[in-house]
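Going in written order, the chains are labelled A, B, C, D, E, F, G and H, and every chain counts its residues from 1.
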Amino acid sequence: MNAKDKILEDAAAGRLGFAEAVAKLAASAGAVGELAEARIDHARRERCGFPEFVYGAGKSLDQLLAIVPEILGRTGSVLVTRIPAEYGAALLEAFPAGEHDPLARTFRVRGPHKTAGRVLIVTAGSSDAGVAREALHTLEACGVGGELLNDVGVAGIERLFASLDKLRAADVCIVVAGMEGALPSVVGGLVRCPVVAVPTSVGYGAAFGGVAALLGMLNCCASGVTVVNIDNGFGAACAAARMIKHIR
Amino acid sequence: MNAKDKILEDAAAGRLGFAEAVAKLAASAGAVGELAEARIDHARRERCGFPEFVYGAGKSLDQLLAIVPEILGRTGSVLVTRIPAEYGAALLEAFPAGEHDPLARTFRVRGPHKTAGRVLIVTAGSSDAGVAREALHTLEACGVGGELLNDVGVAGIERLFASLDKLRAADVCIVVAGMEGALPSVVGGLVRCPVVAVPTSVGYGAAFGGVAALLGMLNCCASGVTVVNIDNGFGAACAAARMIKHIR
Amino acid sequence: MNAKDKILEDAAAGRLGFAEAVAKLAASAGAVGELAEARIDHARRERCGFPEFVYGAGKSLDQLLAIVPEILGRTGSVLVTRIPAEYGAALLEAFPAGEHDPLARTFRVRGPHKTAGRVLIVTAGSSDAGVAREALHTLEACGVGGELLNDVGVAGIERLFASLDKLRAADVCIVVAGMEGALPSVVGGLVRCPVVAVPTSVGYGAAFGGVAALLGMLNCCASGVTVVNIDNGFGAACAAARMIKHIR
Amino acid sequence: MNAKDKILEDAAAGRLGFAEAVAKLAASAGAVGELAEARIDHARRERCGFPEFVYGAGKSLDQLLAIVPEILGRTGSVLVTRIPAEYGAALLEAFPAGEHDPLARTFRVRGPHKTAGRVLIVTAGSSDAGVAREALHTLEACGVGGELLNDVGVAGIERLFASLDKLRAADVCIVVAGMEGALPSVVGGLVRCPVVAVPTSVGYGAAFGGVAALLGMLNCCASGVTVVNIDNGFGAACAAARMIKHIR
Amino acid sequence: MNAKDKILEDAAAGRLGFAEAVAKLAASAGAVGELAEARIDHARRERCGFPEFVYGAGKSLDQLLAIVPEILGRTGSVLVTRIPAEYGAALLEAFPAGEHDPLARTFRVRGPHKTAGRVLIVTAGSSDAGVAREALHTLEACGVGGELLNDVGVAGIERLFASLDKLRAADVCIVVAGMEGALPSVVGGLVRCPVVAVPTSVGYGAAFGGVAALLGMLNCCASGVTVVNIDNGFGAACAAARMIKHIR
Amino acid sequence: MNAKDKILEDAAAGRLGFAEAVAKLAASAGAVGELAEARIDHARRERCGFPEFVYGAGKSLDQLLAIVPEILGRTGSVLVTRIPAEYGAALLEAFPAGEHDPLARTFRVRGPHKTAGRVLIVTAGSSDAGVAREALHTLEACGVGGELLNDVGVAGIERLFASLDKLRAADVCIVVAGMEGALPSVVGGLVRCPVVAVPTSVGYGAAFGGVAALLGMLNCCASGVTVVNIDNGFGAACAAARMIKHIR
Amino acid sequence: MNAKDKILEDAAAGRLGFAEAVAKLAASAGAVGELAEARIDHARRERCGFPEFVYGAGKSLDQLLAIVPEILGRTGSVLVTRIPAEYGAALLEAFPAGEHDPLARTFRVRGPHKTAGRVLIVTAGSSDAGVAREALHTLEACGVGGELLNDVGVAGIERLFASLDKLRAADVCIVVAGMEGALPSVVGGLVRCPVVAVPTSVGYGAAFGGVAALLGMLNCCASGVTVVNIDNGFGAACAAARMIKHIR
Amino acid sequence: MNAKDKILEDAAAGRLGFAEAVAKLAASAGAVGELAEARIDHARRERCGFPEFVYGAGKSLDQLLAIVPEILGRTGSVLVTRIPAEYGAALLEAFPAGEHDPLARTFRVRGPHKTAGRVLIVTAGSSDAGVAREALHTLEACGVGGELLNDVGVAGIERLFASLDKLRAADVCIVVAGMEGALPSVVGGLVRCPVVAVPTSVGYGAAFGGVAALLGMLNCCASGVTVVNIDNGFGAACAAARMIKHIR
């Protein structure tokens, strides 16, 4: 009789309460990769539709060198976000099949994924490029197709109109903007598809590191635009992936 | 030769620049319902997939009595949100086919729509019911199917687990929570579908009228959760409608 | 074979994954009192050491009239916090054994509990009395002994020194203060026992509804003082109850 | 020898220092209308190009009944802003030639002014009408011509394009918007004239009473847009009057 | 038949809707300079009265080396703002006719412009000089005449009175101040001309990087003062240019 | 042997530690007036130079009816601040020798005090009158001479210069201003005496209930200006009383 | 007759008032270690149950080299928190028996303490490790037993359930989390013991350096969770020590 | 006839209005030291009782090398505050009689001043020393006597009581504290003299760079405590100097 059988038998016999049974089932489920300083959630792909990605900020290089192979060994691919520029070389040396994008602050090892769907990543200015590229890498790591449309902010609105076909052909639009964050309001009024707005920390003074854009997007007068954290291209891409992979 | 032909001819002949041509096309397009104090955007359904809804806050009863028939006459249905409780009787008298939901602060006249898709509206506590009901009305007005799952906040987490089947069967989850806004983080880690988080102004003191929940949701550790404005059940429903109607 | 046995058998046989088994166990656990608009967490007393209390703010009188008997029937007592003053009479009529404290904004039906331990609730000024009384009711509802020490703020510090014996005899001190919230810093430097600080919204201008006191308490220079939400006498009492009942 | 000559003589003779001479000159200048509780700045028209207007908020009706005739007697006209609705009748009774606009919260007695220039007041939504009307009254009181263009927010951008001729014909555009405040960014990119942006407190939740719109406008990506306080239609109109009357 | 004719013909024949016609017209208008990572808005001079200026913050040197010649080739001049000090040498090498002002953080290549009008840039303290110089460069790049009046803050108010003639001779005053930002209130009460206030990040502690000055200026008790973003000398100059060039 | 002697004897004999001795001394000191819900600090006059005043906000009428005679009996006078308007009649009935000033929100019973010193209370506008009057009552209750100088805000700066003699003759200036709070900066640059700045909640929008004025005053460019809480005329007067009575 | 006797005699004889007696007793108590720039509170252990610990931030190395031996000489152990990494070597050289933990930013010299109780330090992610380790060192320095449970955040909730036994066996849980800070809400609903929540500055954008987590924890829907300052592992440990040592 | 005579004659003859006369008087007054980039307010000592001090932050070394001798030449002494550490050597070389205090960030050249009065500068912790020393230098430069009392924060309150004699002997107390800023509340309740509170940026997390201490001090429950900007030891000293020199 294996551990799980025993738990269930005890629970069935009333020797275990609800919470105890759950706890013991969890402990026996084998879905957690236990490292010295981290627990990898290997069951995330099954539960959420995409694997655990690695948030690199605040982690030591040693931690990453332990976590990356744990994931890579299971899935054949990995995405690390928010890494310091100086980790790039060491990660490339340890995982030569990987790619380091300093602008996006990502490290990836690609697997043999196919992509589905078409997500358009629209930026208001060229200073938003890093956030947009983080979104692009994440889409690909989720198996979703992405494309960039750069520098179409509302101060020169004919730039946006000139790309209206592209906007309308997309399954989802991710709209990336700093300063006053007005672009999602205009885009949201022109298209039918879901619009995920990403405020960026581009701007100065009363931009307050992206707060102005964040508030603008939360108060978007175009109905049905949703928002993620400041500079969170990663999160916007995961949201788009949930839409493409679960609904489509 | 009608007005639009004339504009285009002038533009073709170089007698009109880009901006002028656009302006004149817009003026001739007939898509705007001009009232004394408002301009109804009749083309919104075509552009965005749902008609213009009426934001009732700050509008006088007279304004609403002028706006509602302008929309109703075109589409056979209308949804007004954020109306003061005291407008209910007058609106019902003027439009006897309508329904007033004081908890949701909405007034609707339903059309003969069918619904598609399945959106689950999950609340953390029973004080979040008004926001959830605003979302439900909006989904229906968009032609999308909605259902409520009440009072499954994380302090008693087995309430949530007991409804896991419902959560996993949904096309989209709208998760409504006040106080610390932790529910979307747990839900987002358990399902594959898009999760739209709605912070509510439930709570006191350092809840700051929903700011705590809003910040919590923007920093959600479950990947791919998106957020709308505080108490904005309407906006979450429009976002879900974009997903269901454009992607599905 | 009952429902729970079946779940466990299926899980044991591999016909159910981890999350599914958990969900089904939860559904069968019978620990949730399902009402029309609320789910009562009857297992809370077992899990946390105190029963579910009812947060009255934002709830209709009808909701309370449904929730109170559901809890009362199980435990013989109930505590409702943050009720509007105008609910008092209706609740007393429905539950004649109850007590309504308008200053504390509570409604209680007492059970036959004994109390353990000694918690001293200290206030900086007489305007903090409502919050202190909410704490007192909650302590009693948890089966913990409480006592009030009023109006010993630091501007007249000999008032505090004159009560030093009481402070040192307590198991736990709950310190309630508005304005600059300095009292926990002084108390924390004079006693060995746990100190739970409650900022109140007493003050004006740059008190910002309790924010000044909250920040003061979070930055308390006396080591080991912990803090709860603004005006949250209830939460401070529950924290003290955890200490008395679990550790003592 | 009059008072002023005496001061100057004393100063010339070295019997008065700089500050003393200034103080005495000021005291003798006769430009201040001294009432029991207020000092009317009659020289403002000469210095600034428009007379002192009366800020009604926080003033008692008695104060207004004393201040209004002091100004009216000098200039033949008066504008009072931000008055409580309940003052209207009393002011009309006292000054029958006046007009009370409850939506704009103004009371005016018009003089025989001619107007110069053309200022277009553009609103994003019909809820911004009160602020726009305050601006209109102020323009007229300054002797400047004003016109309203209502409800052309960016979510239905063809409404704006349809009015492009009007926008381009204006000497100055005052753009009034709540929620995310995106309209000035689009207008500023389409016209050559000065654009004064007025954030309004329209919106809810993370609109924070106009803060979101204010921050959006301060971070406007269209160059050369300036901003006034939240709901400050009055100030925007005075700014436009400075431009029209001093520069034009 | 060229592309534009074709669009217009199709629209005239009803083969194109409004939005499609606009999009195609925009695409064919040729007013956008498409680079690898940026789109230059060459039509801005015609629409707004001044050309596109380059916001240097967050752009790589490579991006600037691509953007500058694209603009220079069209207009014979260029202004880049907010460049890092270390870009200066490389830009000067690439464009030897240019000038680098490290204090203002600008790089310019001047064209053969004449200037019109007289804008006075007034600073409260010598620490505001960088912002004032950014304004000066921008005015010149817009073809407007500018002059500096330094260090006349209100703590020593006779410094300001001594320059009253200059203030009154200006077409527009740009008033630059940090700390409490009181200078525009005094200047606005002394002159008839438009006053554009620029809060600066000079100050410490509760200056909050310019927030104190910004709030002070937004609440200016002198009527008709408008405000731009913190440290935004550039924006104030563009606003002044709109006034001078469009109205004067 | 009385209680105090006993404590001291025990302490001298080593039977009491430091804290215990202090606590017992405090308890025996008789300086605290113990009421049911309050402790009156009768020793404050000796320690601080003025008696305990009563902060009326948040206190019930019953509490005030108990506290006022406790103080009156000791000192022959009393000052209650921040009372609701509706308490006035009941307090006058109970204490017919008292005075109720609804604008200042104070209730006083005057004693036979003489006053010393000369404090000038300067306001920027007539809306600041209530705060100024609270300061005036407090000065008198402290035995200090006060005088009002109304409505000399900086937008019409000759009003201030005309009163320069008064400003320079004062021992202390209390400067009361809302909106941008610029007046203390100008006054502080013109006089030698201490300047206490009181921000008021006069203003709207980005005045944020007095925050703009508070920040402005904290960043005052005139050296040596100090600040009290928003609308805190009481505190400014106590500060001035400390200066007059302790230093002069 | 020693100094203390003399004070007490004088007080007994009425030659000293209360405050003077207290002051003189304090001065004679000998409980303060007076250094050139610091006063060590040697009586803290007796009053509070743990000795004075040294807050290293903002102190020079020289100050620390003076303070550490003053404490070490009295108690045989010392804990310095928040030291810059570069102080480590110098402290180790001066006190070779010490230990430097750069991740926790602590320096300790351990004494021969035994530990009592069992405190579980739970982290949401591996980036919270430094704060958790500061808590661990502090617990040990207080003579309390601590243990770490890493990386069990709510996005993969089965990681938490798998450790339910450990959670329930603890006397106190310290829960350390950044981002939205949801973990204490879930833990607090699962255990009976006191829960002390520590928000961390892990996260970006709208995490605002730990504010989002702090607000989340203050609004925790699980009753009786208390909170300390952002990143304040030290304070949480002291709070737990008060519970273990005073109550248990 | 000199310039001033001419102005006054013209004004007397009506050829100059009030403002023009003031302006011309100011221009002729000779009280401003005009440098290339700064205007020195030489009349400040006469107006305010102390000379212009130099705010070094944001000024170049060249600016300081021009400003210092301009002041030194007039008064024989100078105080520069907030200088970067690296300016020290250059200033000492240029002005060998000067002193550089890196902790206080000041540079001074002392004159032959005598001091009057006794100001006690009290700090809560040794990390507040730099701010306290800035205050000490400023007092001396104003001709006022100052003394330091270090490290008497409220967590070990007997340290404060032990110094009660010193506190009561002072003319003015400047109380410097970070974290929760509670010290002024306790001191203000123990002394009669004016208390000027200086919040410092000592602390972390929710100290928010001194905001917690600032708010605490503004809400001080001891009456009559005034506050200056965060870390503004300079301003507190100038305030004390106004008290000592004008009142005493």
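The rule is simple: a contact is a pair of C-beta atoms (placed from the backbone, for glycine too) under 8 Å apart; a residue touches a chain by one contact, two chains touch by 3 or more.
Nothing here was measured: the structure is a model prediction, and the numbers come from that model.
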Pair from C-F, A-D or E-F with over half of its contact pairs in common with A-G: C-F
Centroid comparison with subunit B (C-alpha atoms), farthest chain: H
Approximate Å spacing (C-alpha centroids) for the pair subunit A, subunit F: 56
Subunit D and subunit H: spacing of chain centres that average the CA atoms, whole Å: 38
Centre-to-centre distance between subunit E and subunit A (centres being mean Cα positions), rounded to whole Å: 36
Overlap residues in subunit H, where contacts from two or more other chains coincide: 18-19, 22, 25-26, 29, 31, 43-44, 47, 125, 155-156, 158, 161, 188-190, 205-207, 211, 214, 218-220, 222-223, 229-230
Interface residues, subunit B side, partner subunit D - complex: 19-20, 22-23, 25-27, 29, 31-32, 37-39, 41, 43-44, 52, 55, 57-59, 63, 82, 199, 201, 209-211, 214, 229-232
Parts of subunit E lying in touch with subunit D, wherever the complex brings them together: 18-19, 22, 44, 47-50, 53, 158, 161, 171-172, 188-196, 214, 218-220, 222-229, 234-248
Residues of subunit B defined as touching subunit G within the complex: 124-125, 153-157, 179-182, 185-186, 188-190, 203, 205-208, 211-213, 215-223
Contact footprint of subunit G on subunit H as seen in their complex: 125-127, 129, 150-152, 155-156, 158-165, 190, 202, 204-207
